[in-house]
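What follows are several structures.
The two complexes that follow have subunit A in common; it is paired with subunit B in the first and with subunit C in the second.
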Partner chain A sequence: MEIKTGEYNVWNEGSIIHYEGTLRLSGTDAYQPILDLMQKVLADKPENIVLDLTQLEFLNSSGINLLAKFTIELRKHPDLPVKVLGSTKIPWQSKSLPNLQKLHKGVELVIV
Partner chain B sequence: MTDIPISPPLKGSLLTSFRTKFIALLGGAVLASLLLGGVVALWNVAKLSRDASTEIETGLTKASEGFLESYIDMTAQRADLMFARTFDQVNMLANFTQRLVDDPKLGRDLGALLNDNTGFQDSMVYDAQTRWLQNRSGEPSVISVWSYLLDGNGKMRADVEQAVRDSTSFDLVAPSLMETGQSKLQMYYVGPKERPIMRTVPYSDQAQNFDKLYPGHNDKNWWDFFFPGVYEAWQQWLKDPASRPVANDITVLAPYVDAITGQLIVSYFQPIYNKSRSDVAGMVGVDITLDQLTQLVQGVKIADTGFAFLAQQNGNVLTVKGEDEKLLGLTEVSAAGTGVTSNERSLFKSSFPDIANLRMPRPGATTISKVTVQKDGNPVGLLVVMHPLQPINMWQANGGIGAENLMLGFVVPESEVYASLYGAQKQIDTATNRIVKGILASVLGFLALVMLLSIPLSRRFTAGLVGLADAAGRLTKGDYDVRVPVKGRDEVALVGTAFNSLAREIRDHTEMLEHRVSERTGQLASANDEIQRLYDKMKDENLRLGAELDVARKIQMMVMPTQSELERIPDLDIAGFAEPADEVGGDYYDVLYVPGGAKIGIGDVTGHGVESGVLMLMVQSVSRALYERGVTDPREFLDVLNRSIFKNVERTRSDRHLSLAFVDYADDQATISGQHEEVIIVRKDGEVERLDTMDLGFPIGLEENIHDFLASVTVPFTQGDTMVLFTDGITEAESEDGKLYGISNLIASVKRVHAGTAGAIADTIIADVRAHIGKQKVHDDITLVVLKHR
Partner chain C sequence: MNQFGDTERNNGPTAFAMRIMISDGPLGVSWQHASETCEFLGDVFALRHAKDGADYTDARHSIIYLVNELLENAIKFRVPGSISVDCSLEGGNFELTVSNDTAPAVAGSFQTLIKEIISRDPGELLIERIEANAVDENSSGSGLGLLTLMNDYGARLGWDFRSSTSGSAVTLSTHAALTLN
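Right, the complex of A and B next:
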């Protein structure tokens, strides 16, 4: 599955979900298609799940809310290894991604 | 019942009728083919004229340049010939003198013989005043003996006296040579350096003139005074003939214009050597006017105003006429030379850059340059052809002896060279114009003819159709009894038959149709009423929604801290700024007065709009309630606040949370708690401290229990310190080219004005952010709180 627009692209390769570009959608409803994609990956009962955010240059607060909600949902699958990939070059990531780990101890955060 | 507009054209208008279209089609087709033919013909004519011009130009250029090259070559050969003839004469005199040096006995005998004849006796007279010795007038030559060759009584040294006597034989040859060949000013013999006596034909007041023109000459060796370096150069030549710049002993002085006669004069010297050829033994010299060369050069006529000039290698133009001098942009510069004072006009100093940039051709080569000069304020193209003459040895006062190529130049205005080309081009243009006009006239003529013929033709073709159209018009008006006359069996006749039967059927159906129409119209009218009613209702709904938004915004603004509240707070000067991206913002800031201090909160709800605004109101209300309840521990404050908000978010199924931080100020200390953006502190001395709040809390409303994540940090905050709290609407404000404002810009802004009041600092930051945003859309709420310790 993939969602591609000029500004941002979200797609998955198996259980790896890639995010790219600038995500500045207004409100939870607008983020629904992306959440659907993520939940579809989860519904396929993968052995692990990876959120690759290294190419996501901007994410507004509603988007961060989406990541948080999804992380809360992942807590219901304590045995599923979760890896979140981030980049130190993108300021919002080192600021907001550690919260995901606080929400769910099973999240392995790799910010390079 | 509403009107249903039905108004088909009763009859085709003049512009849209079938006949007009027919004529237009025919005319268009004819016009198009004529135009195409015309354009092809024109293109060919234009190409032909272009090709012809190019061909003529190439041929003419080649012919003109060939002519100019041979002409200049020929003229140069003639000039070289003139020099060669002069060389021969100098040579002859030198050979004669050399012969006598090589055979001293013959020289002496000849001298003695001549001395016995009247006219060759050289009766020398000493002038005690001027201290030189010179023979009287009336003799073929004048011989001058300088002071340094005489004793105190004006008597010659023995060897000098002998030399004077020996040189008498010069009188025998020089006068006859004077009269042959080119016109010469004078011929002379000068002795070797140890006795440089000077014998000159014809007789003149030689020493007197020298005294007048060259004071001091009588006390210094003649050679060193007049021509320093020449003698030594010749001595060198004798040792090594290969050192001569040009393989010839004759040495020429730079040509100069005689101030009195205006003639161009050149002096030719040829050294005489002693018998053993080990040293120089004097020289013979000839001063010659270059009249013939000048005439040759000025006699060159090319086209109408083309002319020639003669220049030295250094660009100095020797012969050129006044108006031609102006055309080349030459200016005269006074130049001092030995023995004469003359004027210099250098090509390289021309007032026209093209001329000044001309380069002399290599020996033997001819160059043709195209240059542009100004004449009477208009640019004029010139062809400049240059060809060097044979090189000669030339002595110059500052440069010694070197090879000099005098240079012959031709100048012709391009317009004259290409006069016939321009004439041909003009004729071609005239012919082309005539052809264009002819083609245009024939195109229009044909078109007129076709139109004329097509009018009656079209009338015949369309007569049947016109009848049909007429009948159809009447049918439309409601005349259902109309019928068209049917003639012949063509398509128009078939349509006529069909029309007649259609008209019959229409008449039959008309009455029933009218009934149906009135029924449908009624239905449409009631549908229209319904639409209008719905439209009015929607308008009301929109107004109501707008009013609700207005109320929400007003409530939000109302709960913001007032100016009087802010002023109650001790120690702190506080300025707040909030601007929502939508009507209702999701940013939160509040300042609560606490005895002895203040509690300042700043937060950012995810998203914006009414829902985010409501969440913000909840935060404000709960904060106020907690404070009134007396909860002072920052961690407890946030923990309880989070739980309240979490439950409310859960109840309202609102999918939002917020970042939130508090600053508790009292007694010069600030305690910061909760997770939000960085807190910037600029100390009184300008030092910047950045306080990361990531580990001081957790997003509010996301998790029910965040107690473990909560922490606080306390820092001193004293007189002159500034603290800046902000939401990401500031740091993530986007410029027109997509660049974020960023925290470093924010810090730079604060640092620049941190000494000012809180209000001034806030104003500066907001102005900087707005300048960054420019015309870009504002994506997010912008909130800023500046605290300044008074």
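Right, the complex of A and C next:
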């Protein structure tokens, strides 16, 4: 599955979901197709799940809310290993991604 | 006039400053204007800031994030009319004021939200609001952008509401200040 536009791309390779570009959509409805893709990966009952944000230059607060909502959904699967990959070169990730761990202690956050 | 939060401005008349007016227009076009405006201001002010050897990437990102969030709110909640964006930088202190007209009922409910935001610890309230939004399908996540700015970026925010000079609307000015690294 993939969502491709001129500004951002979201796609999955098995249970790894990749995000790339600039995501600045206008709200919950606009983010729904991306949430659908994420939920589809979860519905396939993967052995683990990885959110690879290392190429996501910008994410507005509506987008951060999307990640948070999905993280809360992941809590319902306490045995599912969850890894969130970030980059130290992209400032929003070090600032905002630690909030995901506050929502779900099982999230392994790797920012390199 | 009703004031909330931190509305004090510290940058003086000799600060590096800029004003941009965003004209009225359809949501999609305005959204694009907001995107271009925040990128432009991020570039210009971060370059200025980096002249003193500071971190360009971090400053640019923080400015873009701040301007974008406040412009998104202004576009979503304005009545037809322009949005003014005033920025200044002095000694690493970046100040921003975004002003637009809004409907009185919208201004009223926003004031209720602001009172809650400024009376609580932003980190705690952010997590609480995210949890509440997750169980409410219809929630738009209101306030999350402001709480993210306060908690994750250390932004100091303030608001003033006054009668608009044109018609029955309310003019809302949102003030923000950031200490750039």
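A few remarks follow.
Here, the second predicted complex is superposed on the first by the 112 of 112 C-alpha atoms of A that agree within 3 Å, B and C clash if a C-alpha of one lies under 4 Å from a C-alpha of the other, contacts with A are read in each partner's own complex, and residues count from 1 in each chain.
By definition in this document, a contact is a pair of C-beta atoms (placed from the backbone, for glycine too) under 8 Å apart; a residue touches a chain by one contact, two chains touch by 3 or more.
What you see is a predicted model, and the numbers here were worked out from it, not measured in a lab.
Steric overlap between subunit B and subunit C is present once the structures are superposed on subunit A. Of the two partner chains, subunit B and subunit C are each touched by A:103. With both structures placed on the common chain, the touch criterion links A:55 to neither subunit B nor subunit C. By the document's definition of touching, neither partner reaches A:9: not subunit B, not subunit C.
When the two structures are aligned on the shared chain, A:89 is found in touch with subunit C, with no touch to subunit B.
Applying the stated touch rule to the two superposed structures, the overlap between the subunit B and subunit C interfaces on subunit A comprises residues 24, 26-28, 58, 60-62, 64-65, 68-69, 72, 91, 95, 99, 102-103. Every residue of subunit B that touches subunit A in the complex is listed here, in rising order: 604-609, 611, 655-657, 659, 675, 694, 698-699, 702-703, 709, 728, 732, 740, 742-743, 779-780.
For subunit A in complex with subunit C, the touching residues are 24, 26-28, 58, 60-62, 64-65, 68-69, 72-73, 89-92, 95-96, 99, 102-103. Against subunit A, the residues of subunit C that register as touching in their complex are 27, 31, 35, 57-58, 61-62, 64-65, 68-69, 72, 76, 126-127, 130-131, 133-134, 139-141, 144-145, 148, 152-153. Within the complex, the subunit A residues that touch subunit B are 24, 26-28, 58, 60-62, 64-65, 68-69, 72, 91, 95, 98-99, 102-103.
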